[in-house]
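Look for subunit A in each of the two complexes below; its partner is subunit B in the first and subunit C in the second.
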Partner chain A sequence: MDSVNNVKSSSHRIRNSIATIIGFVVLAGCATNAPQDTWQPKGDNAQIINNLQWIVFPMAGVVGVLVLGFYAYTIYKYNDRGQPIPSQSHGKPIVEIILTIIPALILTVVGVFTFRGIFELANTEDTEMVINVTGQQWWWEYDYPAQDEQGITQPIISSGQLVIPVGTKVLLRETSRDVIHSYWIPALNGKKDAVPGRINLLRLQADKPGIFAGQCTEFCGLSHANMRMEAIALSQEDFAKWVANQQKAYTAPATGSLAKEGESVFLNQCIRCHQVNGLKKADGTPALAAPDENVYSGAAPNLSHLMSRITFAGAKFDLLNKSCRSDVWDASSETIGGKYLAGVSESCLNATHLRAWLRNAPAMKPMYADPAKLASSGGKYRGMPNLGLTETDIDKLVAYLLTLK
Partner chain B sequence: MSTNELTLTPSQSPSLVNNKLSLSPSQALGAVRRPVNTNGWRAWLFTVDHKKIGIMYGVVAFTFFIVGGVEALLIRLQLALPDGRILSADKYNQMFTMHGTTMIFLFAMPTAAAFANYFLPLQIGARDVAFPRLNALSFWLFIAGGLILNASWFLGGAADGGWFMYAPNSGPVFSPSNGVDFWILGLQIAGIASLIGSINLIVTVLNMRAPGMTLMKMPVFTWMILVVQFLLVFSLPVITVALVLLMFQRSYGATFFDVSQGADPLLWQHLFWIFGHPEVYVLILPGFGIISEVLPTFSRKPLFGYPFVVFSGASIGLVGFGVWAHHMFASGLGPVSVAVFSMATMAIAIPTGVKIFNWILTMWGGKIWYSAAMKFAIGLVVLFTIGGLSGVTHAVAPSDTQQTDTYYIVAHFHYVLFGGMVFGLFSGFYYWWPKVFGKLLNEKLGSWNFWLMVIGMNLTFGPMHILGLQGQPRRMYIWTEARAGEGFFNFGFWNLVSSIGSFVLAVGVLFFIINVIKTSRNPERAPLDPWDARTLEWLTTSPPKVHNFDRVPVVHHLDEFFHRKYEEDEANHSMKSIAIGEDLIRAEEDAADADIHLPGPSYWPLLLAIGVAVLGLGVVYGTPIMVVGALVVLFASFGWVLEPSVPEAIDFDSPSHDGHTKEIAPLG
Partner chain C sequence: MITPGSKYFFGLTGLSLIAAILYMVLVNPNDLGAVALFGLATSGALIGVMALFTRDGDVYTDEEAVAANAVAGPPSFWPIVFALGAALVLTGLATVSVVFILGIAVLIGGGVEWTIHNWADGASSDREFNEFARARAISAIEYPGLAAVGLGVIAFFFSRVVLAVSKESGPIIFIAVAAVIFTIGVLIASKPFMKGAVTVVVAVFAVVALAGAGTFAALSGERHELAAAAEEDHYDASHRECGGEESKHYDHLANNTVSLRSAVTATIFVKDGKVYAEAIGMTKKVDTITIPRSNATSVMFRNLDEEQHRLVVNLGSAKVAETGVVEKVGTCSQLTGKNQEQVMTLRIPKPALAGEPYSFTVPGATGEIKLVVP
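Let's look at the complex of A and B:
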């Protein structure tokens, strides 16, 4: 930790001075508040990387300006103005040697810092919390093993949005159920691939509460572009509330309500793939999803607390409508926790996209869900198929899903 | 013996001239006699002349450049606006896969092969390559590979896994169309072409240099081509193995990359990049070689630090085999591997920097003529410097984990490959066009061509630096406003600039095509030595005669041709003219060698390539097709080995001579 802070403070000074000079020139052409900006670190790991960027990019810039400046001068100066054909000299070894040593020295300096950065980022010994992250075409699953220190007494399964406490060294243990994906929250760290059959480690740590956008960055097939995610950092207290909510037992909708009818639609259709913890069939036995029988990769998002998240379908769509969305996304680090924990209410629901998704999911996000094209996967879907729901069914389902807070 | 009689005429066909008792093997085989046409389309189909093959490589590769370019324009159209609707996700994935594959395997490598084929024998004073029929086979196999790759568009969809085709996404479940199968077979066949070609050129360089041309008097272009051939010889077998594994997985139920069967998908990545990184240098070094000819010629100075440029090229090639895992910094290799590959990648920047310094210092103190060829060469140095420096930022592995798979990488490698390689190839087009076709490309159109390409290229790929650093990932069929940032310079602005730039670039390329058409209609012949050039390929007519040189040159200097024209003025060390290139070339004609041996044309390379293509299609379409292909391969192979490499009519050392031939006869 100490060494990290040292890197931070020493390069902060260099950074501030160079930033003001070069910053204006370069940043003038950049977007403001780009959610995936790689130059806006919001935690220690990303900071280590950013410190290295602030060494190598200015270095490259200065070398580039010097070399190309000298080149421009050469181009101008030795234009053919009628001078005689010069002596056919084949070069001077001493010049060659100097011009070999200078870049070697510069790169050695960069190399030393790089070396240190690589090993700092690989350190996992002081990890304070573990989350298993699994990539699947085309969404992310998060599985929080029980860990008493974090108040997680029973495992939590979520998807799309990773929720972490601030100031905590979180270790992601990544793998994949099908092809290679890559987990990337630029504000918190670089990428790490999720490789099937392997467990790759990635450390995240956020300094302040906030929503940090990410995107799968290893090409993973048809809907790679639609495989997004967010990391939500909450204060310790808010995180405890989030954990408590995730561990809350299932409450069935009131008998006779529209949501109750939605529950039976869910039991008819959705339960084939999507689990809702605690949901029971009409005869009182537990309703268990069997995604492995229907989905090639073997899983589908657990919807137990769907409305505690604010995006769905691989974070491609918002569960919040426009104004409620910006209310959360633009909130300050002090207020964002409360707003996020409020979840999705009926008045804030982005019903348009949710209903369209229920109506015909593959039309909203390209997936392998056409039964005619499933020969290679033994008839199993890769993504959500069109369920052929009626508008009434959709009304009922939306009402039901809204109860899954 | 007059040189004009060297080419075969129908009256010299074996059956008529052969008055000996023994039948020649091609006659013994019965149906097929050796082709004898010296003009018309047959002269091209059955040729083994390295110059004709070089031209065909160039024409076909440029056609694929247009195909790959149209694919790129479609990609940029799709990404010009958020949530683009020009292409579906599926088509987009096919498009970027085929854009990369086409540009690398069907444009860049064969265009380099075009230059290598045409100019390498000329630069070393040889009459042809070592194995002329194998050379023809290389070309026809490349055509077969290219056609198979692109046929997939019309036969159920092209490959959709990216040019890197990572497992397990390339497996039969995740990519169910035949596209990947066509991709595997196309690359495999094109790979055989390159492998054969590389062995051919290595043997040519090592065995067939003109007397006096030591390795360190060899032109830098030939040197770089030699390095590239060694890279190919050692890297292509690796991709061949990877492709065979994938083919068996997809077509015959093997499980090399099937995780549920215990496979490790990183195997593919290692195999692919052990090939893939040397491949980067395979693409770039020919461009380096070309401008290492152009910069000295138009600066009127020898290349600064020739041995340093040669050895840095060779060391780039060598170290290039030890940096492959920098493509895998995010794949979870562990910190020790990452550190090692990070350091190796930084090390490779040093010889690369040496080259850039030497090019600049070549021009320093020169007498520079800014022709179109020179403009493209200078453009290469500038753009490659930018691409090289952004490359150094990737060598910092932690920083790379932020940038990899973003548009920053796309920007980087297009500066390196478009700026470095394509500009080199265009420099070569302008420089060598008069040699190949005897006509000068229009300099004014060349200037338009250059400036539009420079502006278009920077508009297209420059903004990608910003997009990538601000977090736009690559290989995404749409980008979304939700991740695009705010302000005037948001992703919408830069994506639009990039798309507009791509069309400016396309117009620039169009100017080249216009230039070619205009030049072909212009009756005016180019002078024999239009650039006051330095190397041996200019010591002959334009276009060169079928046997290249009337007299095999004897070499005393690096830049032999230049030193035959100039000598140093003792007084002020500047150079004074002692001869005119045209006169030197005429003098060679007057002292022509007798008994020049040339290989004869042959049906077999083309037929063998067709057989291999059919054999390949059999993998997709079933065993009967494969059997047909195998029979054709077998027939063509026998025909080939039974055919003498040099036609009987001229395969004869007259006893009246002292048995001494003045060149090493091509081996066939």
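Let's look at the complex of A and C:
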């Protein structure tokens, strides 16, 4: 009797455990703080995909459960317990015909909705704004060609964060400098590969102001997991302010200030790879970065107006400290524009991460930046190396970077 | 009972686990290689369990595979093939990569065949059954593999023929051969009771004819203009510079640039003596083309005028290190006739200096397209 009870109790334990695991899995789907949730569309294009999901996944789910259930039943029923082999037969036309027709019908229905969605997403006839997006190990570059309709009278270049106006049909022209990357802001559209030598198109449109997180979704090397990005949707008025700020001419720090000394450090060290538009050398000639001579993929993020962004290092780290970050990320769609446009002030700066990055970048993010191991890339870095800056230099640089608004 | 199929996968699981542990200890515990080996072990275990529960999906296994390993099968020649593969790999490492790749292929093929042969050999005491089991396990690999090799051989010999004959004759030969194959196929299909030997004779004749024609064509060399084009080396930098025309065959290798042509960032046209441009994704004509810094980007030039034109890319000026003389920097397409097009791939490392903007122009035509490198 005891042994029977033991078997029953063990069977109950197994059932309870399975039910608990399934419960956790199901509940995980209810998480609200999921910035890369594909089921929370925030724009027309993502909505097209979402509509398709609601058709395809329930059908696939039913089919999957039926097949797996039947499979589990078969394994359980015909488990080898020494029983005789069941009778074997081959071919049953009625069953085969039914099992051919049903999947064909299911696929036809799925195909109709899928192709409709694909054609809708591929339409670029009504584009209102174009942004060039270039992937590189491990960050994204955005350049905005001059577009009078959007108030962009001269090209704008940025990185890490894509800024777009709400309600505008934006077309991204994607490419890559090194390997294949894939651009994905789940709340705004599906994925699109950025392929070297090719231009691939991806539409984005945001319904409301907000910050929408994304991530590179094509394995692209050591720091693929750290290649993040955000799309910042601003109201038309706020976007116009952002454009005006990005087109603002460079302002040199005041003579004698710590920032001015930081500018000198920048000109000695950082300008080898990073461009700041308008920055001039001591002799008054333009300071032109030469990333093609130092970086394997030929470019490094342009740091003009760095402090108008709120992340750095491929959007891996925040430029805002914790409380200021929460203030922006948790802002309502009505207030987020003003908070984002405020940029990074000295009191809000995430100095810990920025200083650590300047002190030893490869320790913060895996990159091919060990000078002893660059033979395969002709002595060029993939990522930012450790520049061996002193703490004083770092103080000066931080002060200088804070002026790049 | 542990079935033969599950033994195989459990063995794979065990070996993968050992390899994963060694990899973690000797190479790098955090490397993707360890993840891949653990993945292989998990997959092997899963398939092994499934094979065990479904008795290898073979209801006859239990009945007939009674005395496994009881009788040794005929000697296998696969170990020799495997050894040959290993020898080729080592030779290839010391000589040329083609031998190394061939060695890897022979090594994998010989290894798979040897493993399956050995597994089938111990499946039962019945040699006939073992041969049946071997054939069933390996046919799914052998037939597609042989078919791929066969198709490769056919494609190779046929391509030699098409490259040797004139451009006009190529399509005609292609159509004629396709028609002959179709006709013979119809004849064979309409005579179901025709002796198999006839089909074999036809197939052997076709293979010999193709191999003979391909060998002869390969020995004869490619047709004149292809040979001339190869000698001219269209993709040599000197041919892209702005100067006198040296090539008469520039676009004969256009098939090499099909991929580039399908993904240009913009197309620049000249029509009625005026220059204009269209960029991919833009609905209106553009007067500025933006190219990311240091990124290889292709631009198409299409001439819609009667007279020949070339596209010129103006990239400012630079001081020549040796002479100190400041010279214009730029590049050109070759002269392009009416309705012809040429693709240019540009990689510009630095933005333009103020006062020296980059641009596209077409000599003899009005207008220019600004080129921006942000």
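By definition in this document, the second predicted complex is superposed on the first by the 344 of 405 C-alpha atoms of A that agree within 3 Å, B and C clash if a C-alpha of one lies under 4 Å from a C-alpha of the other, contacts with A are read in each partner's own complex, and residues count from 1 in each chain.
Please note the rule applied: a contact is a pair of C-beta atoms (placed from the backbone, for glycine too) under 8 Å apart; a residue touches a chain by one contact, two chains touch by 3 or more.
The model shown is predicted, which means the values in this text are computed figures rather than measured ones.
In the superposed model, A:N302 makes contact with subunit C only, not with subunit B. Contact with both subunit B and subunit C is seen for A:D80 once the two complexes are overlaid on the shared chain. Applying the stated contact rule after C-alpha superposition, one finds that A:Q88 touches each of subunit B and subunit C.
Look at A:E141: by the touch rule set out above, it reaches subunit C but stays clear of subunit B.
In the superposed model, more residues of subunit A are touched by B than by the other of subunit B and subunit C. In the overlay built on the shared chain, the residue A:A31 is in contact with subunit B alone; subunit C does not reach it. When the two complexes are overlaid on their common chain A, residue A:P196 makes contact with subunit B and with subunit C alike.
Applying the stated contact rule after C-alpha superposition, one finds that A:R173 touches subunit C and leaves subunit B untouched. Shared contact residues of subunit A with subunit B and subunit C: 75, 78-80, 85, 88, 195-198, 201.
Those residues of subunit B whose C-beta lies close enough to touch subunit A in the complex are 88-90, 93, 160-162, 166, 168-169, 172-176, 259, 262-266, 299-306, 308, 330-332, 334-335, 338-339, 342-343, 346-347, 349-350, 353-354, 356-358, 360-361, 363-370, 378, 381-382, 385-386, 389-390, 392-393, 395-406, 466, 469-473, 475-479, 482-487, 489-491, 493-494, 558-559, 562-563, 566, 568, 572-576.
The part of subunit A that touches subunit B in the complex is made up of residues 28-39, 46, 48-49, 52-53, 55-57, 59-61, 63-64, 67-68, 70-71, 74-75, 78-80, 83-93, 95-96, 99-100, 103-104, 107, 110-111, 113-115, 117-119, 121-122, 137, 174, 178-180, 182, 184, 186, 189-193, 195-198, 200-201, 213, 215-226, 228, 296, 366, 373, 375-377, 382. Taken in their complex, subunit A has these residues touching subunit C: 75, 78-80, 85, 88, 124-125, 127, 130, 132, 134, 141, 143, 145-146, 155-157, 171, 173, 175-177, 195-199, 201, 275, 286, 288-292, 297-299, 302.
Contacts from subunit C toward subunit A in the complex involve residues 1, 53-55, 59, 62-63, 259-260, 262-265, 279-283, 288, 290, 292-298, 345, 347, 349-351, 353-354, 372, 374.
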